[in-house]
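So that you can tell them apart, the chains are marked A, B, C and D in the order they are listed, and the count of residues begins at 1 in each.
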Amino acid sequence: MNVNKHNTLDNLSDEKLVELYKKMLLIRKCEEHLSSATKEGAFPGAVHLYIGQEAIAVSMCDHLTEDDWISSTHRGHGHFIAKGGDVNTMMAEIYGKATGICNGKGGSMHVADFKKGIMGANGVVGGGMGLAIGAALAASMDKKNKVSVVFFGDGAANQGVLMEAMNVSSLWKLPLIFVCENNQYSEFTHTSEVTSGKIVDRAKPFGIPTLEVDGNNFIEMWQASAQAVLRARNNQGPTFIEAHTYRQRGHVEFEYSFLSRTYRDQDEVNKWLANDKDPLLRFEQYLFDNSIIDNQKTEALNNEVDSVVKESVSFAVNSPLPDLSSAFNNMIA
Amino acid sequence: MSRMRMMPAINSALIEEMDRDKKVILYGEDAGISLLGQTTGLQERFGKDRVRDTPICENIMTGMAVGAAAAGYRPICHLLYGNFIYTGFDSIANQAAKLKYMTGGQITLPIVYMAVIGGGRSAAAQHSDTPYPALMNLGGIKVVVPSSARSAKGLLKAAIRDDNPVFYLTAGSSGKPEEVPDDDFILPIGKAEILREGNDITIVAIGPMVLKAVEASLVLEKIGIHAEVIDLLSLLPIDEETIINSVKKTGRLVIVDEARDVCSAASHIAAIAADKAFNSLKSPVKRVTVDNLAIPYSPILEDQVIPNVENIVNTVRELI
Amino acid sequence: MNVNKHNTLDNLSDEKLVELYKKMLLIRKCEEHLSSATKEGAFPGAVHLYIGQEAIAVSMCDHLTEDDWISSTHRGHGHFIAKGGDVNTMMAEIYGKATGICNGKGGSMHVADFKKGIMGANGVVGGGMGLAIGAALAASMDKKNKVSVVFFGDGAANQGVLMEAMNVSSLWKLPLIFVCENNQYSEFTHTSEVTSGKIVDRAKPFGIPTLEVDGNNFIEMWQASAQAVLRARNNQGPTFIEAHTYRQRGHVEFEYSFLSRTYRDQDEVNKWLANDKDPLLRFEQYLFDNSIIDNQKTEALNNEVDSVVKESVSFAVNSPLPDLSSAFNNMIA
Amino acid sequence: MSRMRMMPAINSALIEEMDRDKKVILYGEDAGISLLGQTTGLQERFGKDRVRDTPICENIMTGMAVGAAAAGYRPICHLLYGNFIYTGFDSIANQAAKLKYMTGGQITLPIVYMAVIGGGRSAAAQHSDTPYPALMNLGGIKVVVPSSARSAKGLLKAAIRDDNPVFYLTAGSSGKPEEVPDDDFILPIGKAEILREGNDITIVAIGPMVLKAVEASLVLEKIGIHAEVIDLLSLLPIDEETIINSVKKTGRLVIVDEARDVCSAASHIAAIAADKAFNSLKSPVKRVTVDNLAIPYSPILEDQVIPNVENIVNTVRELI
């Protein structure tokens, strides 16, 4: 399958485009806050940041409604926000507060909002696969054209459960979309060192149509998502997207506090931070080039997003800690 | 009432519940034809949409149940033999057991995982395990182990209606025909049953061991020992009250469990007694269980390692 | 990769060919004995018979020595015999006797002889995959050109662990040979009903050379095996063979004692029992056609094999039951 | 003697054993760079052949260990966190634990599986489990849980030399620096250590709970209660003798275990006491464990559910 490459998004209104840009910006700025806050010890757990991959979650989720499902990974803040998760309760969750979306029980690796179709970040690599297949099965039985999307990493593509998911979803023509975000690293190992062949090719023997895209190119990713979601909604079965991207930050924030050595060149990282690689800067440039935003507008948007993030942080900081007894809620009953 | 064996009783519970609630779905390897008889005829009755044959892929099977349950269905995931629970253990332990708690109770997970357990069929090491101890320790999973056609029906209906993941584990052989209620017969999860009353000693037995405990109590009766036999039925939640009350009455406790001994249900029940019925205990709490080994193939060896009536009788006699 | 199709085996001596035929015959006759004996309740457990698939195990194992490794499935008698396992101790094992190769502890589903490189039949579908990869890793580190072969079914090809094994073996260029015996059934389900696409294609994205053969054609299977083993011995990495065949018997012998209905047509079965399909009859015909055997020789061979089987049965029947205390041997220590 | 923390102690044990025996090999995800520090520098020292970075695929990782061990190597399979043991559970439970027994003892399986366990790091439900109960019940696997840098070194060397599959589980944090012997220092598997002697009560503690038990004993000492603190070290085989002898002396027993309570090591130890030390027991056997839940993220909640010094002290005071 080929991506229908228009290289434009002219089916989208300017307002819509700005909204999408804003969402990417919001993810970026939330993550940047978490990056600095973690070094100050502002919240208890570790965070895996989505910086550099924003185009993928935002473009895919633009095709989804709250009735659709997504399952995510340990690197899940971006998916949460893109799918419409509330930033305040996400931030409060990461700060371990009672007002967190999981009441402080889950933290960064488990931000979820089932009411909005967000089955959650997941601490088990490959763990979202079963959830997404199950939701896709439910969707297919509901017959209401709902779809299910599983976001997973290049490292996760080596878990056997992926093969099982591909076989079952193709067999049952489930409305499932596999989105492999190939950010080139599995923790501290370049994924090519632990991966045979190309990931996207793994879907082919199952008869699953595949799309390989530049995941840092918002337009390309948006169009691929449109195609995949359309197929799923039309009961044409699963689609597999491999989106090439780059993990700009460490596997986990502040990792050199415990790692004994480096594992990649700063040159390599810098290359991906540049204007022609970073997905946010690229999308910004596109909007500039098409006169959809200008410097003034950008500044305004930045301010707006800054204040959303700021508000979420103050919401988190000022929220109460969980009630001690809540540790014993939500058990089996 | 109808006379039936365990597998048909399970089958009738499945039919009744699937008739009652369209959200109940079932899948498993060969679920249509049914290797072991629990699901016979369901596919013909409810269609291939609600009763699905899956590929052999326990990892996705167990995980899929969690997703489908979170999305509003009540999946029954049929795993054939207890040993294949291990094959699909990841999603059981890391997702099913934790997702409700770790998301602050956003969802319920009405899942039934079913499999047959235990030895006695020369099926050897990889088809004879009694894996409930591992499940009982996961924290977010209920476990029930019926011992008869009647309890098989009543507990399965309860498990399907329960809003938590429930492991439903039965013996592999279908047992003797017995009376099973026809109508909407539910046995509450978490409630043990006293099968025989007695004042001298309490014998708690689980699943396939219950019949043996009853037989042992008949032998003991002949020599004047009146054992109270408890059919535990639910392993988690466990009916501490029934056990403790019985031990308070008898002062003595033997637990019969086909699981391996270390960290078994038997260990846990002994621990409960040593804590909460300590002052009533007149003698050591004994466990009749399986050693640190796999179930062997040859029947003569299998008989050596799986608790039998004689083991139970002898253990009781050590105490009285 | 294509099979080098000579359609002959003229690099093999006549004696060798007769020996291979005899091995197939031995498997066939052992299994036929087990089939009738199980109905009489002559031994305790259930048996999954290899009838109809003999060409695969025998031709592959002809390229192996006792230093090489194989891992097998619940349908493992054929692999055991083909790799040089002793028929007497196999039979005694199935009869649950002290003289069994596992001292009566394993039974049909666990016949193994590690001294001969037979890591055993396995009751867990996909369970042989890890064993074989581990042995292949050991072989690759030993640097003695040993190879490891994993036999598995079409049903097992849906277990995710296969994908993990393909990835790791290709990555590390392990001397591993995947032999998928596609006998068309997973228990009572036609595997096509639970399988997307073609199994052999699943190896391709991992860069593993594949061979698809008629597994009932001894010559073709022998040649494919030769190629795969050669690659492995020369440190060229794994090969994936899909051998098409047919399970002539039930999933488990005597299955209609418990199944509530049939699941395949007798016509279909009959087709595969015919001269032009059955691997033993086809190989026999080849030997006839090439004047390597004649009626007299065949009769002699049949008699010879009959007496081997008979001897193994009487060895099994006359062997003592295991000592009761042996139930407590071989535990961790 | 050198002063070191737990991770460096583990590292030194690995280096010594890999130096000693060429058949010892190690693999895991990021084993080269080492996420948690146990394997730092090993790849540089022993090469990429003996120290391998694997893909993320716990199923084949655990199974591969069995095959490599059967073929003559002594593999160390590094699984990072205890929760990922569940991901690779099939081969652990169905192959590693059974292959020797079910083949009539044809092979030995000298495997070490290692992972970190327990909470206290706000790592939440899927990175904080204490999964040894499931392992202890498998029947064919040894389990050790060192509590200090010293025992981490001594037990790891013993585990590597052991001819059985051994699970080697330590806390995720490296603890305080302490004296660790430099030379060939082996702690025998199956032997507990009495850390503090006392006559009033026995406290058995496991791994990360040992330090808390010692702290509790100091608090108790101040109010005149002399607790004997046992560091269990090996969970299977378990040092019944040391436990029973201590209980015979003190007459009282509390077990502190970070595993969930049901079918925990604590339950099993309580069961052993209720059986074999029954006549010496003067009060109920108590367990200080984790409830039927997953470990929560927020530190304030984590502190609620994981046993602490106060819980131990209070439990002891209930008894005396």
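Operating definition for what follows: a residue touches a chain if its C-beta (ideal position, glycine included) is under 8 Å from a C-beta of that chain, and two chains touch if they have at least 3 such contacts.
Bear in mind that the values here come from a model prediction, so they are computed numbers and not experimental data.
Participant: Count the smallest number of chain-to-chain hops linking subunit B with subunit D, moving only between touching chains.
Facilitator: The fewest touching-chain steps linking subunit B to subunit D number 1.
Participant: Would you identify the chain whose Cα-based centre sits farthest away from the centre of subunit A?
Facilitator: Taking each chain's C-alpha mean as its centre, the farthest from subunit A is C.
Participant: Would you kindly tell me how far, in whole Å, the mean C-alpha position of subunit D lies from that of subunit A?
Facilitator: 36
Participant: State, to the nearest whole Å, the distance from the C-alpha centre of subunit C to the C-alpha centre of subunit D.
Facilitator: Once rounded, the distance between the two centres reads 41 Å.
Participant: Going by the touch rule set out above, which residues of subunit A reach two or more other chains?
Facilitator: Counting only residues that touch two or more other chains, subunit A contributes 100, 102, 104-106, 110, 122-124, 127, 158-161, 164, 167, 171, 194-195, 330-332.
Participant: Could you list the positions in subunit B whose residues touch two or more of the other chains?
Facilitator: In subunit B, the residues touching two or more other chains are 54-55, 57-60, 83, 87, 90, 94, 101-102, 124-126, 139-140, 291-294, 296-297.
Participant: For this assembly, give the contact graph shape among line, ring, star, complete and other.
Facilitator: Basically all the chains touch each other, so complete.
Participant: Touching subunit A in the complex: which residues of subunit D?
Facilitator: 29-30, 32-35, 37, 40-41, 53-60, 83-84, 87, 121-127, 291-294, 296-301, 304-305
Participant: Where on subunit C is subunit D touching in the complex?
Facilitator: 69, 71, 100-106, 110, 112-115, 119-120, 122-124, 127, 129-139, 141-142, 148, 160-161, 164-165, 167-168, 171-172, 329-333
Participant: In the complex, go through subunit B and note every residue touching subunit A.
Facilitator: Interface residues on subunit B, with respect to subunit A: 25, 49-50, 52, 54-55, 57, 59-60, 62-73, 75, 90-91, 94-95, 99-107, 139-142, 163-165, 237.
Participant: List the residues on subunit D that touch subunit B in their complex, please.
Facilitator: Listed in rising order, the residues are 58-59, 83, 86-87, 89-90, 92-94, 97-98, 101-102, 124-126, 129, 131, 133-134, 136-140, 236, 238, 259-260, 262-268, 270-271, 273-276, 278-279, 281, 283-287, 290-294, 296-297.
Participant: What residues of subunit A sit close enough to touch subunit D in their complex?
Facilitator: Those residues of subunit A that touch subunit D are 44-46, 93, 96-97, 100, 102, 104-107, 109-110, 122-127, 155-156, 158-160, 186-189, 193-195, 258-261, 263, 321-322, 324, 326-328, 330-332.
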